[in-house]
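The structure appears below as structure tokens.
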Amino acid sequence: MTSYELVPLAVLASSLLPGLIIFALPDGWVGVRTSLNVFAAIGKLGLVALLLDGVAAGENYGVRYAVLPGLELSLQADALGMLFITLSAVLWLFTTLYAIGYLEDKPRRSRFFGFFNLCVTATMGISMAANLFTFFVFYELLTLSTFPLVVHRGTDKAMKGGTIYLAYTLLGGTALLTGIVWLHHLLGHTEFAHAGIAAALGPEYAGQLKIIFLLLITGLGVKTAMVPLHGWLPQAMVAPAPVSALLHAVAVVKAGAFGIVRIVYEVYGVEFAQSLELLLPLAIFASVTIVWGSLRALFQDDLKKRLAFSTVSQVSYIVLGVALFGPIGTIGGLVHLVHQGIMKITLFFCAGNYAETLGIHKVSEMDGAGRRMPLTTLAFSIGALGMMGAPLTAGAVSKAWLIDGALAASMDWAVWVLWTSSLLNAAYFLPILWRAWFRPVPVAWPEEHIPRHGWRETAWLLLLPPLVTAAATLAAGTLSDSDVTPLAWAKLIAEREYVGRSVP
Amino acid sequence: MKRMMVVAFVVTLALAFVFFLSAAMLELAPAAIDLRVPVSAHLTESGVSHPVTAVLLNYRGYDTLLEIAVLLLALVAILAVVGEAPVAPSRAAHPVLQTLGRLVTPLMVVVAVYLLWAGAFRPGGAFQAGAVLAAAAVLLHLVGLLAGWSSPRLRLRIGLAAGFALFLAVAAALLKQGSLLQYPPDAAGTLILLIECGLTVSLALILAGLFLFLAREEGA
Amino acid sequence: MTTGFVFAITGGALFALGAAGIVLIGDLMRRILAFNLMGSGAFLVLVGLAQRYDVADPVPHAMVLTGIVVAVAATALALALVRKLHALTGEIELPDDADE
Amino acid sequence: MTLAFDLLLALSLLWSGWRTLATPRLDRAIVMFITFGLLMTLAWARLSAPDIGLAEAAIGAGLTGALLLDAYGVLRRPRKGP
Amino acid sequence: MNEPLIDPLVWLILLPLAWATLAFVLGPGRGGWLAIAGLVAQCWLAFNLAQQVSAGVAVVHAVGGWGAPLGIDLAVDGLSAAMLLLTQTVALPLAIYARSYFKASDPAGAGFWPLTGFLIAGMNALFVSADLFNLYVTLELVGLAAVGLVAAGGGAQQVAAALRYLFATLVGSGAYLLGVALIYGVYGTVSIATLLPLVTNEVPRLVWIASALIVSGLILKTALFPFHFWLPPAHGGAPAPVSALLSALVVKASFYLILRLWLGPLQSVLPAFGWLLALLGAAAIFWGSWQAIRAVKLKRLIAYSTVAQLGYLFLIFPLLAAPAALQAAVMQAFAHGLAKAGMFAAAGVLIKATGQDTVAGLAGAVERLPVTMFAFALSGITLMGLPPSSGFLAKWQIIQAALAQGHWIIVVVVLAGGLLAAVYVFRVLRLGFLSTPENVTFTPVSRVLEWSAFALAAASVLLGLRGVELIQLLGART
């Protein structure tokens, strides 16, 4: 087995094996579990760096394994995959640190971290999948391994959320499977390829291909939480904060969005998809989601629910970018895949901090939180501004590219969609900031768990991650022109997807 | 009402079945294969001169092996079902009957031995012999001379299993002839007789057991 | 119409009779009797049809001997079960099975 | 002639079989069944299958009959279980 | 050809017969280790045999050296080798499980070892036999052993279940026997090999009746809807190791026989019943799943799930033109065999621990019995047909075969069945995730029980990665 085959497997193993070991550990063994987690996360980061380097240099990391004649599990590290994998790996490290702090002396930690690792494994698999079948395998693994995390608290409320989550994702999975089987039947394989594979079929298949596209997008739209398939996301907010942060801001929803990117670019091929007139409906679908999510967010008092609906809206930026025919939109969408992740995870970390430190769960309880927890609130503000697309933040960059993309594709209405969404974002984030910074401190917090030590407004493991990700948000916004940013990478991808088209 | 419907339906079904079955039987041509030819052709090698016994213990001896397994199995199952139960005191029947029993039993044993020995060249054989012996035991029980059996002790268990074990052992040992139950023509007669003796004992015990193990459960 | 045919057809009828009995009768003892009729029917067909031209064929004879032994084994087991059921519930019909 | 006998035997087989299932009283049914067994023995004889005849008489009619009667003896007295 | 003295094909029958007899002589409840040792050897033999077959060695054994039609032939091809493999590999962990499940002097375990021995011997004999009448004897061996296992030391409900089962299986084998009698009447032989050329395209009407009798007898034994009435009480009422054996293996035996005749001597007749069987299969999937969703008792739920899962096996009959269909059937047999054995074993642990056999009683199980619930979940994944489990491969193959022949309806049934399975599996799992109520106490359970259940369940998922070997085995021409 060559190192080209080993590294992708190692990337999976670096979270799978620790996960399995952790299941076996007694809850008491905090030290062992913690170090195992952290080292695994760092190790994975190293491996990913190795891959990044290789892929940038055009090397070909991949491994295949046949489960049936003509049906292969196949992993392949390509530029698009690396975008997602890097994001997950980096954020996983911080989330792990955060989770360690968050779950201190709570029960069932081994189970939690075990499934947590499985989820990350699934995410890695999704991003490295080289065909739809492999993608589906890890997609379902993600569904299964998130369920225990959603219901982690074991309350009836958690159970309800978990059941709804399952109902949506399993139905989605079935739709996806139907599409995949059908496609596999027509093509004999489902390997991803630049410029797509579906075009190989003659025009007489156009009808079938449209239905398949619908099935696939429906299946993925569930995890992407596109309206009307978004119902599970707010319900799933019963999960502990780290879960909401990594899974429902990054892994799960992004898995869906990422899948849509794969479908459009590497299964159908953007040109062919355009010729089938599939992109416009997709764009409309996305736009509706964007506006609807923002509108619903306005009326949520529960902080995490508001963030959840914001996620619903923001993730569809990616889909919109993909659906805007043309490289600029593509770059916008892809770069937002990363930026939204960084910003939203910051917000969830902060929300978790408020809840853990002061017992704040509702927007209406936020008064004066900024005085008590300035650093957290600072990070929160940066994330929120990013979401609105304020200058100097990562949000500004992706929004700019999306708008240019819309104009380039001469879909001016999309521009309006984006602006409306920005205004709505402002409408539901600014009040929070205002309350936090400018309203007086209440006599007593809902329930203060963690007292203040000098400058440390809360446990440092809870504080560090949001600060780092907030900093990253600013960095991605300010240094966007340097060639180590997600933007640069997104351009690289766009070049590869639009074979023979000039990319700015 | 519904009941009537069901009955009517089943009965019609049965009648229709019988009708079509008979019709189909009557239009039948002679069978393509006639096994009587090979059966008699190989009779000399089979070690017995009575064709049925030849089929039963040589040509299709494997069927018989499994069949004994079924019988033993049924007994095991019955023991497992009835579980431990006190032995029923056998009801002493009318003295006349008892004397009758005392007279008939030895006779039946003789008959059994004859049947066993006859099996090699004319109707009879281990099954009939075993059955007769079992019948004798049942008779003795009915006239109150033989108590029902409690769950079997080791010796009885060995007796019950011996016939089958012997059969199995011979079958396995004959593997070195080339295949399962492949009797060497010269020794076939002896081996078959050996097996039949073993079977007779065990069959008698098992068949009697089917009755006596249940009988004990009476009055429990 | 040879002896073979006569008893083959009789066998078919007995089989049908027994099968219908098992389906329609609730009383377990009767069911056991019905099963035995069914078996005897099948045996008659096996032997009768094979020698429909009235030439004895030892192979089905041996098969039927096997079959009879199997049948008695099954009957004994069935009786043991019925007696157990009776000892436990005093019934000799099957209770309708419930999942609670 | 023989055919007539065969048909008669066949009919009595069917009749005894039918009675076995239809007679209201169980003990009569069992006796009927034993009769049926003996008739079967005749049938086997007619089919020139004396081996089966012997087996039927000994096992089919004899042992099975004894088993059934014995069981009947127990089941006759209804007993409530624990 | 094998050195006769060590011919695995023969020893797969002789060994279990031998240890069954010995176990009986040793006395009630004895012989566990004996059985395990025997099964280890049998596993090795089965693997050995499978290797020979996939290497293309023709494995035929003429018992008594006579050869068909006078004698009885035993023959092994890919299909039977696969079934043998499944039987031994499922039976071994279950034996280990049962040895610590039945306490000494537990009446339920009194006849367990001899009966199990005869059961396995019967199934092995059935898989290799090439003689219709001999197959009848093996069917009876399997059926009576199974009934005995269900009834052993049981209460009224269990005995009643056993009686239902007994009558079902007796009527089934009776119908089969009559069918065989008719076949013998028509052709003068019961040897499959000899019949093969004789049964041509236009057969006498009697052969149609015979086929109908044989098939209906066998589907009654396989508990295909609507003949499933006997299965839930029997499999739901028996002790856990027994339920596992019956659900995982016994029902497959009669299914295998249908398949064998379908592909073999009756291939010109049986395909006429293809869509009928598929229809019943679909009905079984929906009805079984629905009952499982409504079931109150845990083992009832699992038993009804068996009714549903058996339905998939029958969906393949109209598709047998495509090789994928046969592969799907065997894959499904393996998937369900391993998964259902694991699930019943897990259920046994849960019942021992919670002291009750209700789904509702499982609250908190995940916290107290993580390994067992994990086993249950893994089995569930296979039953739902989620990747990468063997259940998924089975569904995938069915769907491919169906699409290749344009039978969309079957695709829909398969996918819907998967969702229904998800409903009843997660019905159990989600309860397990609830936090433990105060009043509930869990009695500790032996590790052996937990891990043998886990091993079976894990195997059912991991098999999904070895599909290629299995298909090679099936494809092997001997």
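Annotations
When the chains are written out, they are named A, B, C, D and E in that same order, and each has its own residue count from 1.
In this text, a residue touches a chain if its C-beta (ideal position, glycine included) is under 8 Å from a C-beta of that chain, and two chains touch if they have at least 3 such contacts.
Please read these numbers as outputs of a predicted model, since none were measured by experiment.
Separation of subunit C from subunit D in touch steps, taking the shortest path, is 1.
Centrality by Cα centroid goes to chain E.
Counting contacting C-beta pairs between every two chains, the top pair is B-E.
Between the Cα centres of subunit A and subunit C there is a gap of 68 Å. Centre-to-centre, using mean CA coordinates, subunit C is 26 Å away from subunit E. Centre-to-centre, using mean CA coordinates, subunit A is 78 Å away from subunit D.
Measuring from the averaged C-alpha position of subunit B to that of subunit C gives a distance of 16 Å.
Among the residues of subunit E, those touching two or more other chains are numbered 133, 137, 140, 144, 147-148, 151, 156, 159, 162, 185, 188. Shown for subunit B are the residues in touch with two or more other chains, namely 21, 25, 28, 31, 35, 39, 52, 59-60, 63, 67, 70, 73-74, 77-78, 81, 127, 207, 210-211, 214, 217.
By the document's touch criterion, interfaces exist between A-E, B-C, B-D, B-E, C-D, C-E.
Chain contact summary for the complex, subunit C toward subunit D: residues 1, 3-4, 6-7, 9-10, 13-14, 17-18, 21, 25, 27, 29-30, 32-34, 36-37, 40, 43-44, 47-48, 51, 56, 61, 64-65, 68-69, 71-72, 75-76, 79, 82-83, 86-90, 92.
The touching residues of subunit D, counted against subunit C in their complex, run 2-3, 6-7, 10, 13-14, 17-18, 20-21, 26, 29-30, 33, 36, 40, 43-44, 46-49, 51-52, 55-56, 59-60, 63-64, 67-68, 71-72, 74-75, 78-82.
For subunit E in complex with subunit B, the touching residues are 4-5, 7, 10, 14, 17-18, 20-21, 24-25, 27-28, 61-66, 69-72, 107, 110-112, 114-115, 118, 121-122, 125, 133-134, 137-138, 140-141, 144-145, 147-148, 151-153, 159, 162, 185-189, 194, 198, 204-206, 208-209. Of all residues in subunit C, those touching subunit B in their complex are 5, 8-9, 12-13, 16-17, 19-20, 23-24, 49-50, 52-53, 55, 57-59, 61-63, 65-66, 69-70, 72-74, 76-77, 79-81, 83-84, 87. Residues 8, 12, 15, 18-19, 22, 28, 31, 35, 38-39, 41-43, 45-46, 49-50, 52, 60, 63, 66-67, 70, 73-74, 77-78, 81-82, 84-85, 88-89, 94-95, 97, 99-100 of subunit C are the ones touching subunit E in the complex.
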